Structure formats: structure tokens, C-alpha cells
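Presented sequentially are two complexes of chain A, the first with chain B as partner and the second with chain C.
So, the complex of A and B:
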């Protein structure tokens, strides 16, 4: 904003409806760097090629949404849940099972029924796991959710009635809504961008709503929350339900991107990938998981090429990925977000030093 | 402390009998009896001090009353209702509040959010996904409470950076949220400077008459000034009960507090 006048006074007329004033207020509160990111993301299809749009950005947004669900639980609720990828996987499986696919198990129901149904089933599953996990703390939450994620993986591999066992489902395609093929790179880019944007806004909004504030209270001090009249267990389970609904959005987009789903989609590796993404990005704010997902996707895609370019064996790409993750965590315990915060603090310090006419060595 | 800050529920005046009643409450930790056969009755609006040396069972008594611990035997009634098996939040919703010996605050949140949560905890919409507006009545109540404990200048400060004395004041604001009818103060004066102690006594004595409290306090000066009756505890039992001056002049109490031992 170039003017010093508060924007809600310049843009909003006092007689305007309350929701309009609220909206103007919210839009005015968006910082400049967020506007820049939004602009870049909106015009991305003008500069990026199909591979980048579909494979790099599409995948980043999807993994970012699933990691965001973990960030919500871990960052605001203090619960590190490893079930989020299984919840996403279940939503993907349900879309394949109730909708159309290349297997005869699929029921071929219309997408507008299948998508909400898949989200509801995945949310119920996530809440059920939450119900069992919320009575544990710290490492035990991780262990119990990991155990259930493993059980889910092996169950999908062995069950042929619902999950079609080892093969899973193929030819699971998004609906041809408005005559658009949503698996084309540009439409898919915007589909995932909008979904990620909405999930991001929702989490940001809820984090300051009574539910989100109370969840942060539960994280900081569950005993005190009970002594203020909150039902800590119910609050934690509700957080699992909310996070599971988010993860299910990611799972549905993932099955559409890959056009198939198999046990490996929500396997143990994928489960840990989500944890790595969330930790690398940073658990303190909803932008962290998307930053982490972007780095993860870039590394997973280009690490072999980088190694080959410097004359090393491309097969060792996981070592490079691991090394970079280790480096990020080592220099910044709060991941990429922490690096960003430190850089901002550094700039502020420089500005202050210049303002006071001090010279730095 | 202004009386308008704290709501006065109609129930507080209509409640017959005792605000709090303990009958034969014991709490065992293995072979150790932290509480033995405690009988205690507090009238609505009564101000009671619970005194005793370290390990006398005072905080365990509070934990049993608030539902942090279930008593091993005995029963607890709150405003005439048997709450012995109720979870903590259900007792809070019936007008019970407490503060903690070691501040239990939400360090990741601001002063305003801490008090707002306390106001929200005893009202509807605990699970609301809709943000509160700045003119929301609960937000207003939170700001009034922050002002009542003299923290208005720090309202948007994260709790983690507050000084110790300020954290103790915030503890009290959390206990005053909603419509409290009986508050348990666990050593509110511990670690406070003489000026802060004076402020604390002012806040406690200025509470509206319908709010009763039970205070655990090692500072006899504070305890005897803010209480109408005193209960002495020793080794998990109630050892003496009476008016502040009776307790103060009791030779057995003096012997116990001066360290001569009590047989």
C-alpha cells in the first residue's frame, strides 16, 4: 500500500454490507510478498512448460495439501500423526472404487456423489484413528499412527474385494466437467492450485477461530484447557477430523494425477515423505508444507540429473536428497520457514543499523 | 477489580446448602495416603484459607476437587450436585475455577488469546470454526478481564515473554472468566514482590460477594487477611479449623509452623 490511509477507509463505504467490509479488511491485510507469490502462481502457465505445470507444480500442491493436514495437527495441535497419507490414500481408493476405473470392481457412480462420499469415508477413518491416538503423547502418537499406517498399507495389498490387492486401480480419471479435460497440464495446474489455495486459506482462517485457538491451547497445556471447561479429547479428535478432510482432498487429486492408485501410493515410504515435507518446510505456519513439498518434488525429480551432470552415478540420488534435508534441518530447526524468518530478521537488523547510522564490521 | 467485570449468575444466589462439600475423601498413591478422610464444607460466597506445611496434601485436595485426580474414597458435591466422577471440564462449567501453583498458561498465545480461551471455555461455541469479531461480547469480556488484572498494555504480547508476576496476574484473570462461583487459588502470592502481593490482596478482597474461594497460601499475612475461615492440614488430614485469629493464636498451629514439630 503506497498511501498511509488505512485501506478499509479508502475502499469501503461505511454503508456497505458487513461481509464486504470484512472482505476489504482481509484483502488489505495480505502482505506484499503474498501478493507477489499469488501473481507468479497465476501467470505460471505463461512461462512454465507442461512438465513443470503437471509434474512439478501439480505434485507440489497435492503433497503440500497432505503435508498441510499434518502441519495442522502437529503445528497447532502438537500431535505428529503419520496416518495422513493413509487417509489421503483411502480417499483416492474410494474415488476409484465408487467411480470409474479400468477394473470391474468399480461401481461407476457419478463424480458429484463419489467425491464427497470419498471425503466423508476418509474423514471418518482419520477421526477413528484420531480417537485411538489422542490418548497418547509424543513418540507414542507417532508409533500408534505409524502402526495403523502400516496396517492400512498391508491391508490394501492383501484385500482384493475393495482395494484390488497388489494391482490397485488404473484409469481413474477426473470428470469431464465444463467440457475440460482436467488432466491436461494447464487445467490440472489450476485445479490443484485452487484446491491448495483454498486449503491454505481455510487452515489460516481456522487457526485464529475459537476451534484453532483452543487447539493451540491444548497443544500448550492440555491440563489447563480442561480446567477452563474444554473437552481436550473431543477437541483433539475434531482436529483429526478436520485434518483428515484436508488430506482427503490431496488424495483425490493424487489419484487423478496418477490416473491410478496402488498400495504403494500410501505405503510406508509415502508416509515418511509427508513427514519429511512438513518438517523441511516448517511446522509453524501453513505455508511451510508447500515450501517443503516444492523442495521435495524438485529434489525427487532432478537429483539424478544433477548427480549425472557432475559425473556421479545417478543411482545415488537418494543420498543427495537425504544430505540436503539433513542440511536444512541442521541449519534451521523450523525448516525453510525458519530460514525465511531468520533472513527477515537479518534484514530488519541491517535496516535498523543503517537507520542509526551505525557501521557494521 | 470492578464488579461489572465478573458476571453474577442467578444460580449463585439461589443455590441452597453448600457451594462445596467433601465427605470422607481420601486419595492414595500406592501405599501413601496423600489425603485421609477429609470432610470439608464451604458455603456459597465463603472465603476459606487452607494452610499447612509442604506435603500436607493441600494441592492434592485441589486436584481432587477439580477432577484432575479421582478420589480413592469419599464423595464431592458442588452446589448440591454429586460431581465425584465428573471430568474436570464438567465441574468448570458448573462455576468452579482454579489457578495453579506453577503458572499453567498458553505460552504460544497472546495475553488476549489466553483470556479469550478462558471466556470461550465456559460458553458455547468451543468448536466454532468462525472467527470472533472484534466487537464480540466474549472478546469484550476478555479485554475487561485483562484490564482488571492491570495487563491492558500487554494485551497483544505473547505470554512467553511476560514477567513472572505478570504471569501470576494472568493466572487470576483466567480463573475469573465466565461466571465463577467458587475459585481455588493455589499459592497465588508465591514469588510475588511486596507490591504485587498488595495488589493481589486488593484483587481478592475486591471480588464480588457471590464468588467464594479457597486459597492455599504459605504467606500467613496474605492468607489471614483474605480469608473468613481457616482450615489447617497436616499429613493429609484436617487438623484444625476456625477463624483466622483463633488459628493465628493457636499454640499447636504455632508450634507446627515454627518447626517445633507436632505430636
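So, the complex of A and C:
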């Protein structure tokens, strides 16, 4: 088998295992600018300070993961679900409840049991909401998931036996794996980077896998897909389950970053923030949410200082974010990525026009 | 209803028994053993009345929401902001003029104008793009919440009710037995009775306007098929404008009402947005009767829930919504389509 062949012949060898060929093809298909972004992100700890690594990039990756789950549902499934932040919040709450925290309610179970359990519970919750939401379509989905998200928020606020009410949980720390304190800026940066990278790859893979293609077919024409024998409801609910698993990853990282969780973490404003991030970035590809998250984090971190510097009140940064969101929705339905692409198309069109002009006698 | 009774004798029987039991529980004095299980009757009656009053308030907010949705298929997620704006403005007007009733008129006009501005500046430009319209309303609600926080700060306001509505009144409902064995009647704040009464009057008024007037006919036709209505020569954009202004004005009035019997503070906008969403989902999107039924159901569920199972009250609301979505996705009074 291939293990006997010398390494320099592996690529040319038609006997190489299929997964290896597949992998090589996939890696070769990565465009140059993606390599550049990856390189920059990997060496970021050399140049950025702790605040940037932990607060800006850590938070960007976490919000990006949650927004990515919304992007998956909205972009590939055509379902704008506002439940994603609640799913993330539930995963965070479950980590706090079953693991260790500064509250007596916590059960203190080991992390390798708690993390999968939290993901499973959050995924089940997300799928259940999906099961109810897919019975209706379009803007109804927004209404129903928003109603469920706010019900979740008010429930966490008034329930003391599971969610510890107003105060929530504090001192929720990541496990001390391999003797590393994962809340140190550099380890946390890499932890969130790897998680975000894996989620990004997973979404990219699923979007091209048979399931993702069928889901996009369901988005474009559910009746035709049903006539072709695809189970439309099952595809949609499965999309919710997948997106909820992604969101739960974000939620667990979020509770580790903040070291605490309270109702406001998954409140209605947080829900809207995720939607704003996904829409600003662009709902048509997986890189959009991360771009949107980066912009959102930069704005909400530095806008108060900038506003104060120009003489305005620093508390008005929410208005700024809302205004930018309104602007993006008005100008480009496809977010910043859409703007960028249209600009690129515009440039190429200019080139072509110019080229035509030159060749004409 | 008759068809249902003929086809489902068992369910009808159960419904009759439940209805009789509820009527008995409200009107008759409770025997001792019963009070031992369910607590005091006064608590129960108060929860029921608070639930119905809260339902009346929810109806005021949700009726505008459902009218706008039914006609324009636009989920106005800034509806809660209109409610909050109405509450703040009502407080200002009531302080300034000293007349509580006058503030309703002023708030209706001002918030109605805000709604008109939204319709002209925003929704007309994104005609037919329902998702983008909804996204825009989210942006508006974020900006509006921040603007109002700026203008009125984080403290809560209470609109003062006039003197003639202050204090309790006695209702002809038995709350229990007094110390000497005489019957004690339920005492309930006058202002809440007035709110309940006003909501019923407004509800009937809208229903009459929708079902008995020419404009109502146009609106109902628009709910069914707005394209054909436009093709028949009705100035549909003016109808949209009017309905949007009316729905926004109703939300504003509801804000004054809410500010009188509860209070007005940041965060109330999302609370009432959620309430309208749930009411409209339960009752059926675009249906006025559905909004009324849903509002009373959710109001009762919240109040009874907070009395009898304090930390799980929201679950009751959630379960009602989930049950409706599971068995009747179009809502109790909604139509498929």
C-alpha cells in the first residue's frame, strides 16, 4: 500500500488512498488570500498585545462562531433564526450548571463530561425550536424564534433553581488541560482561533456536501425538492441541529471568556447583536460572520473612546452600531462582503469595457 | 362551534365542565378544603383580574401589530419602541398639560405621525422585500432604544392617573368570608377597571370599523389580496399609510396605559415586543379576534403562573406558544396561506 512507496512518489501514485487525494485537492484549492489570512492569524500573538488577543480577537471568534451558525441557517437554509444566541447561552449555562462555578447550584462534574453534555442539551433545545419554527416560513421564522429567544431570556431571569435568576453563575473557568491556564490571553487566543477555524471548515464542507446542497435546494424551491423525494422538514430540522451544535461551541467559549454568565448574556440585545453581526458581514458565505464580528467588536470596544474624542457622549455607541446596520441593510442586502464583491465586479467590468475600447479599431 | 360540538362530543363535554368549574371558582365562595389546596380565593381572583387587565394591555399593543402585519406582511420589530415612546410622551404630556385623557389624544397623534414617517421613509423604499423591512425595524429599534435612553435616562416613570380613578372599588365578586362569617367582596383598583373597559371599547370599535365601514372593507380586502386591491383602483399606499399610523398610534396609547398601571422604563420595549409577538403567534397573524383571545390567554397565563409557580411562569407562556405552533401553526384564529 501507500505506506511502502517513497514520499516523493505519493502524489503521482494513483494507488494513494482516496482521502489523501481528496485532502490534497482541497488544500490546493485554498486561494492565496486565505493562506495570507491564516498566516497573519497564526502569528498574531507576536505583534498584538494581551488586550487585543483576549478581548478583541477572542471575542470576535466567539461572536463569529455564533453568527456563523445563523449564517448557515439563513444563507444555506433560508431561515433567519434568532434563537442562536439563546442556544449558545444555554450551552454556557449548562457548562456552569454541571461543571464548577462560584455558585452552590453547580454540580462540579468533570469537564470531559460537561462539555459534550452541554453541547448535546443545547443542540436538542435548538432542534426543538427548529422543529416548531420550520412549520412556518419566511418572516414568521423570525417572529417565532425571536419570541422563543425572549421567552428563554425571561425564563433565565426568573428561574432560580436551574439558571440562578438575575445573578447567574460566576467563576466559571475553563479546565486546566495540559497544565495550561486557558484563560491566559495567548492560549485563549489559540483556543478560540482553532474552534473558529474548525467551525468555518465544517460549514464550508457541509455546504458542499450532499446535505448542504440539498438544503440549498430546499431554500430555493422547497416544492420541487419535495417532489424529487427529499424530506424538506427533515433537512430543515437537521440544519437547525447542526447550527445549534456550532452555536453551543460559541456559547461554551463565551462563558469561559467572561468567567460568568447571566440572563443578559443571551438577552434580546445579544440576540439582535448576532443578527446585526451576520447581516453586516454578509449572509452568503461563512467568512461574512467573522468579518461582521470583527467590525462589531472593534466598534463596541473603541467607539465610546472615539465618540468622546470628537466631543459626543461615549455612551451612544449603540446608536452608531445601529446606524451602520441600517446603512448596510439599506445599501447592500448582502452585507459588506456583498459590497466588496459588487465593487470587484464593477472593476472587472471597467477593465472589460476598457479592453474592448482598446481592441476596437 | 356547533359543528365542533356535533363532531367532538367528548371534547365539548370536557370544555363545558371546565367552563362551569371556572365560573364556579370565580363566583362562589370557596369551601375550606379547596382553599387549603389552592390558596386563598382573593389571591386567585386577583391573579385572574390582573391577568385579564394585562391581557387588555397586551391587546392594545398587539392589535396594531397584527393589523400592520396582516395588511403589509411587515413584522414591525420596532413596535415595542413605539410603545415605549408613547409611554414617555404620555408622561411628559400629562405632566405638562395636567390632563390625563388629553395625553392619550396627543400621544396618538404624535406616535401615529412617527409611524407615518417610518412608513414613508423606510418601508415604501423597500416595498416587497419583507426580510429587509424586518431587518430595518430591528435597526430602528436599537437606535430608538438608545435615543430614548439618552432623552429620558435609565430611571422608571409612572404616569399619574387622575383623582377620579384613584383608589379601589368593590366588585360584586365574593372574595371569601370575613371574621364574623359575612361575605367579603373583592376590591380592585378603579384605574385597572377603566383600562379593561377602554380596551374592550377600543377592540369593539376596531372590529366595527373593520367589519361595518367601507375603509374596513378595503383593509380586509387588502389582507386577502393587496395586489388585486391595487388593481381595482384603490390607492393602496394611502391605505398602508393610514393603517401604519393607526397601529403605531395604538401602540403609543398602550404605552400611556402601561405607564399608568405599571411603569415606563428602558427594557419595557422588548418586553412588550415579545408580548405582541407571542400574542400574535398564539392568536393568529393578522387576525383581530385572534389578538384578543391570545392577549387574554397570555395575560392570564403570566399572572396565574407567577402566583402558582413563580420561577416557572414563563414556561407556561412558552408551552402555550409551542402547543399552538405544534397543532395549529397558523394560530388559533389564523388562516392558512
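Please note the rule applied: the second predicted complex is superposed on the first by the 330 of 361 C-alpha atoms of A that agree within 3 Å, B and C clash if a C-alpha of one lies under 4 Å from a C-alpha of the other, contacts with A are read in each partner's own complex, and residues count from 1 in each chain.
Here is the rule we go by: contacts are C-beta pairs under 8 Å (C-beta built on N, C-alpha and C of every residue); 3 or more make two chains touch, one makes a residue touch a chain.
Remember, it's a predicted structure, so these values are computed and weren't measured experimentally.
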item	value
First (chain B), second (chain C), both or neither touched by A:139	second
Chain B versus chain C as contact partner of A:300, first or second or both or neither	neither
Dominant toucher of chain A (residue count), chain B or chain C	C
First (chain B), second (chain C), both or neither touched by A:170	neither
Chain B versus chain C as contact partner of A:209, first or second or both or neither	first
Contacts of A:238 with chain B and chain C, given as first, second, both or neither	first
Touching partner for A:258 - first (chain B), second (chain C), both, neither	neither
Touched partner set for A:217, first chain B, second chain C, both or neither	first
Interface residues, chain C side, partner chain A - complex	73, 75, 77, 125-126, 129-132, 134-136, 138-143, 145-147, 149-150, 270-271, 273-274, 277-278, 280-281, 285, 310-315, 317-318, 321-322, 325-326, 329-330
Touch list for chain A against partner chain C, complex	80, 132-133, 135-136, 138-140, 142-144, 146-148, 150-151, 154-155, 158-161, 165, 268-269, 272, 275-276, 279, 313, 315-316, 318-319, 321-323, 325-326, 329-330, 333
Interfacial residue positions of chain A with respect to chain B in the complex	205-206, 208-211, 213-214, 216-217, 219-221, 223-232, 234-235, 238
Complex interface listing, chain B residues touching chain A	66-68, 87-89, 92-93, 97-98, 100, 104-109, 113-114, 116-118, 120-122, 125-132, 174, 177-178
